[in-house]
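Each in structure tokens, the structures are laid out below.
Shared between the two complexes below is chain A, which has chain B as its partner in the first and chain C in the second.
And then the complex of A and B:
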């Protein structure tokens, strides 16, 4: 099947294309140089054409996501959709945590075609995959949690990188996981006893390993296994005033490790996630202020790191993270309901609703910090735009964030009329007049996430050979002025005029027309030296049968859970 | 004889996954490791009568029909109904439940599972207060104080105690000896005999007791000599034991979810667990009954946004337990057709609900003769999940396991039956 999208204004940062009028040719689900005259023609005259967007970090599937839905019928009542029989669109509900079908539709409507589930407890991996399969359209992957895994803590406490690599190689395959996710290393284990760790040189009870050693060790393992993505780091001390020092110290730890992916073109060794939550100065909520300038300065001066933002959208939302102690603290702070799930030998999690009120001082500053980070990091090749959905706000608010970033006037309106005065007093946001271009938006939502995930061979760009994931927005860059027409920008990005997924027209005029499409599951298929692998696995099994509550043979996720398997190969140690 | 290892037991929410099945001539003839209830299910004891063919009631008598006829008939009943109810789901696997959700949406049904009459109050309490839980391995490795409230695992979840509370764990090397077990139950039960502390409260006084314990926890004086029949000193003593825990776990069952107060009991119990975290690490786990009752709540939630009692009448999911629960629909004589799958409301629903069931068309997708099939107009027998069909089930703590196909069966699986009904229903609706 051949298709051609004609006369659109194309933004494709990975190929350096900045607003050129071009045709995009599609054949058999891939972008090609040209197609025959028989190709089906789609006219994109006066419209923006971008690669399908790539979500680098969100919580869309799995145990805690579903607890977020289950615990909050009030969130579902706020936003529900009915069946659309003509296009076989399924019903659903949920504002901050939409149900699975709605999640797929809403991402697609905004031009997103790939999304990462950022936290998968390995023991509950089947659950994550069952939900990922129930999310239509999106290609996806899930990041297993390693930062509080007992085996990893033991190996790295002893400095045994090779055994740790063998174990992680096995676990990635067993859970069909994609990347090494580290959440509050050692802190969630301490939460097993109701505690936490502070800074990167603290230890959890019983274990003789520090967060710094965990971060460094896993960054080394990551490059030994030649994984596509870098380590994906949720630093210690999330949300604590004064935590920026921990953040920068953490980022320093893996510096100098040689980047070594087997595929893709990643050139960084650590991805710092939802950095807004980690860029706080002050000593308490009273003298709390932004440290975004310091963190942005660090990112500007260093080339081993990328970050995503975790932009606060000023909504009532549902926070959820594997940072168990942090969620308990949040519950103690806001008094709202609290869910928690400690997972044996591996990790923990918590879920708490949160109301980011623009009129409240702290959320106003949090909003400003996210904006500062996006605007002060000079090179959008180093940042990905996220809300850490649904933590700082639901992913459906991305278009509003793009509009904020593209319009100083919009931000001024927010500062003058909507936000608590702390936003201006406790941050530098009012002094920043930079505005993102369409090219930079494309970079921070397509090029950069695809590259840092190691998927840029076929995602995040529109060169020949890429997956034919294309988003077309009904905005004419020649006539629209994002600075003043910011509402039009927000609306334009909310509902794409056309979205192609693997070359199939999936969204038309903002509505999903191909609801049954199933996405691919990316997972890291690495191999290590067979003898040491077998020896490590034998020891893992010995411990496993003693301390897990399920059998070793019943642990690996069966092939039945992956409809379209897309293994990304690593190589031998 | 062949031995099949690592089989997951399709009986209770403990979801033991270490069962070994002895198989002869494609039949399970025995088991190792299973409890007596699980074993009985595997080997079909208790004189269970198994249906092998779909049955349709004609002039009061069941006659054998083909699967095709049965599926046409089932689809017709659901499509013709104005207010169909699709109930059960807790003894089947998740992909069947997913198809069921799509079917419910298609025929604009109310879909509900057995939680409605067991841990439904717990779900309502979760909406109110939250859900601080852990996996069962955490109990084994860490717990030093274990509370069983309103449940009797010795009989209802027979291997629960040995697998999780008596077992040796990483930080509890001596197993039982390293733990304090507290049972709260108005009865003397076989579980309470094993307890270090038995709080034998007055029946229907769970709320009062939790309330008094929370008061003591907050440092208030208990103003009465005794509360819920328990002397003040015993309450204070129990609260001290809870506070001194390193890792505490509250298991709770029907004895508290369905005694007077229902979800309010669970509200206050969850809040007690949350408050205990100021002193020690505390979590809870509901003692779920059917092996995959939790799985349906998971599937229903990820598909619709709500865990049970979901009304698709308008095409958009609506949720209002008390109005959209199975018993509400039946007792209000609102449902005009009912599909029952993987459960037995005939044995467990109140008389008023059964009256309505007797009057409306009932489809039973059910392998055995049960009180429900006695009331059914149409019986469609499936292969039994966990023995003859595979798929996911969620343990009481949310750990998902793969149910095994141990032996072959000529019968269609629940999923296949539902897929065919869905296809037929779509066809019927399109031709309307």
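And then the complex of A and C:
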């Protein structure tokens, strides 16, 4: 099947295309150089054409997402829609934690075609994959949590990188996981004893390993296994005033490790996630202020790191993270309902609703910090725009964030009329007049995430050979002025005029018209030296018998769980 | 004053959902137009006239309209949802969610109501002459922000967890209440003239509850202050002799008040 999207204004940063009028040709689900005259024609004159967007970090499937849905019926009430039989669209509900089908529809409507589930407890991988399978349209992957895993903590405590690599290689395959996710290393384990770790040189109770050793060891394992993505790091001390020092120390730890992916074009060794939550100065909430300038300066001066933002959107949302102690702190702060989960020898999590009120001082500064990070990091090849959905706000607010970044006037209106004065007093946001271009938005939502995930051979760009994931927005860059027409920008990005997924027209005029598509599941396939692998597996099996609530053989996610398996190869023997 | 009379035809097996039965929707419409007003019958949308005969004199504004439902509508939900003005009189029973999120005006039900009557009420008056079910004047399921204005009067008995998360307004129950009236309540007034099964004011952080009948099992989280005569609550004099408690101290900084009639309640006062 051949298709051609004609006369659109194309932004494709990975190929250096900045607003050129050109045609995009599609054949058999891939972008090609040209098509025959028989191709079905789609007119995109006066419209923006970008690659399908790539979500680098969100919580869209699995145990804690589902806990969020269950404990918040009042959130479901805020956004609900019925079945649409003509397009096979299923009913759904949920504003900050939408149900599975609606998650797929809402992303697709905005032109997103790939999304990462950023925290998968290995023991609950089956559930996570079941939900990912139920999210239509989106290609996806899930990052297993390693930062408080007992095996990893033991191996790295002993400095045994090879065994750790063998274990991680096995676990990624067993859980059909994609990348090494580290959340509050050692801290969630300490929470099992009612505590936390502070800074990166504190040890977890009953283990002989520090967060710094965990970060360094796993970064080495990551490159040894030649994984597509770098380590994906949620630093210690999230959300604590004064935590920026821990953040920068953590980023410094893996510096110097040689980047070595087997595929893709990644050139960084660590991805710092939702860095807004990690860029706080001060000593308490009273003298809390932004340290975004210091963190942005670090990112500007170092080339081994990418970050995503975790932009606060000023909504009522549902926070959820594997950082169990942090969620308890949040619950103590706002007094709202709290759920805590412990996942045996692997990890834990917490869930708490949260209202980021623009009129309250702390959320106003958090908003400003996210904006500062996006605007002060000079090169959008180093940042991905996220809300850590739904933690700082639901992913459906991305268009609003794009509009804030593209319009100084919009930000000024926020600062003057909507936000608590602390936003101006406790950050430098009021002094920044930079505005993102369409090209830079495309970088931070397409090019950069695809590249850092190691998927840029076929995602995040529109060159020949790429997957034919294309978003078309009904905004004419020749006539629209994002500085002043910011509401039009927000609306334009909210509902794409056309979205193609694997070459199929999936969204038309902002509505999902092809809801039956299933996405691919990316996972990391690696092989390590056999003797070391067998020895590690023998030990793992012994520990399973001793400690786990399920049998070793029942642990791996079988191939039947994955409808469209897409292994990405790392090191192979 | 305009009166619009809805006479129920055959009672449906599948529930009707009729948030459009309220003066706000009928205002400015002719009788023929009112017949066309949409209601939900299961997952189908139907016309009001499919299930009701409509007659009477139309009115221009909600405030001048009185809707009379002349018969039993015990399988019709959401009557008067979000109404802001005017009046509704139901000469029979109603189903769930009568007066849901109501902001003004008055609803009178001559029969019984089932659960969630006056959920999230903001203002106005809801009077039920018979019994009501669970969750009278409560919050939406899961929400911690409930009723914050208006007056609900139930002449009969009520079920579980009425005034749950109540943050304002007033509820008066002339009959008995089942478990946990005023659970999580933070403000407002709840007066129960009959008996309570158990756990009055569990985890309440503010507001006032008065129980004139016999209170069943009471909670340990309340502090006893002694006996008070002829109390005044929200500007209203309530004659009688009451034990006074504050709590529920299971909640940090809680400052709710519970008055319990001395008569028949010796078991809840400390020695």
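Criterion: the second predicted complex is superposed on the first by the 571 of 573 C-alpha atoms of A that agree within 3 Å, B and C clash if a C-alpha of one lies under 4 Å from a C-alpha of the other, contacts with A are read in each partner's own complex, and residues count from 1 in each chain.
In this section, a residue touches a chain if its C-beta (ideal position, glycine included) is under 8 Å from a C-beta of that chain, and two chains touch if they have at least 3 such contacts.
Every value quoted in this text rests on a predicted model; they were computed, and no experiment measured them.
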**OP:** Report the partner of chain A that touches more of its residues: chain B or chain C.
**Re:** B
Original post:
Counting only touches as set out at the top, which of chain B and chain C does A:448 meet: first, second, both, neither?
Top reply: neither
Original post:
So, does A:72 touch the first partner chain B, the second partner chain C, both, or neither?
Top reply: both
Original post:
Between chain B (first) and chain C (second), which does A:236 come into contact with in this model arrangement: first, second, both, or neither?
Top reply: neither
Original post:
A:337 contacts which: chain B (first), chain C (second), both, neither?
Top reply: both
**OP:** For A:99, select first, second, both or neither according to whether it touches chain B, chain C, the two together, or no partner.
**Re:** first
Original post:
Just chain B (first), just chain C (second), both, or neither: which does A:268 touch?
Top reply: neither
Original post:
Which residues would you name on chain A as touching chain B in one complex and chain C in the other?
Top reply: 71-75, 77, 337
Original post:
Once bound in the complex, which stretches of chain A touch chain C?
Top reply: 71-75, 77, 336-337
**OP:** Would you pull the chain C residues touching chain A in the complex into a rising list?
**Re:** 139-144
**OP:** Can you check the complex and tell me which residues of chain B touch chain A?
**Re:** 5-6, 8, 17-18, 94, 98, 102, 105-106, 123, 126-138, 140-142, 163-164, 168-171, 246-247, 274, 277, 280-281, 283, 297-298, 301-307, 312, 314-319, 390, 392, 394, 398-402
Subject >> Complex contacts: residues of chain A adjacent to chain B >> reply: 61, 63, 66-67, 69-77, 80-83, 90-94, 98-101, 123-124, 126-127, 130-131, 134, 191-194, 206, 328, 331, 337-345, 348, 351-352, 546-551, 553-554, 558, 560
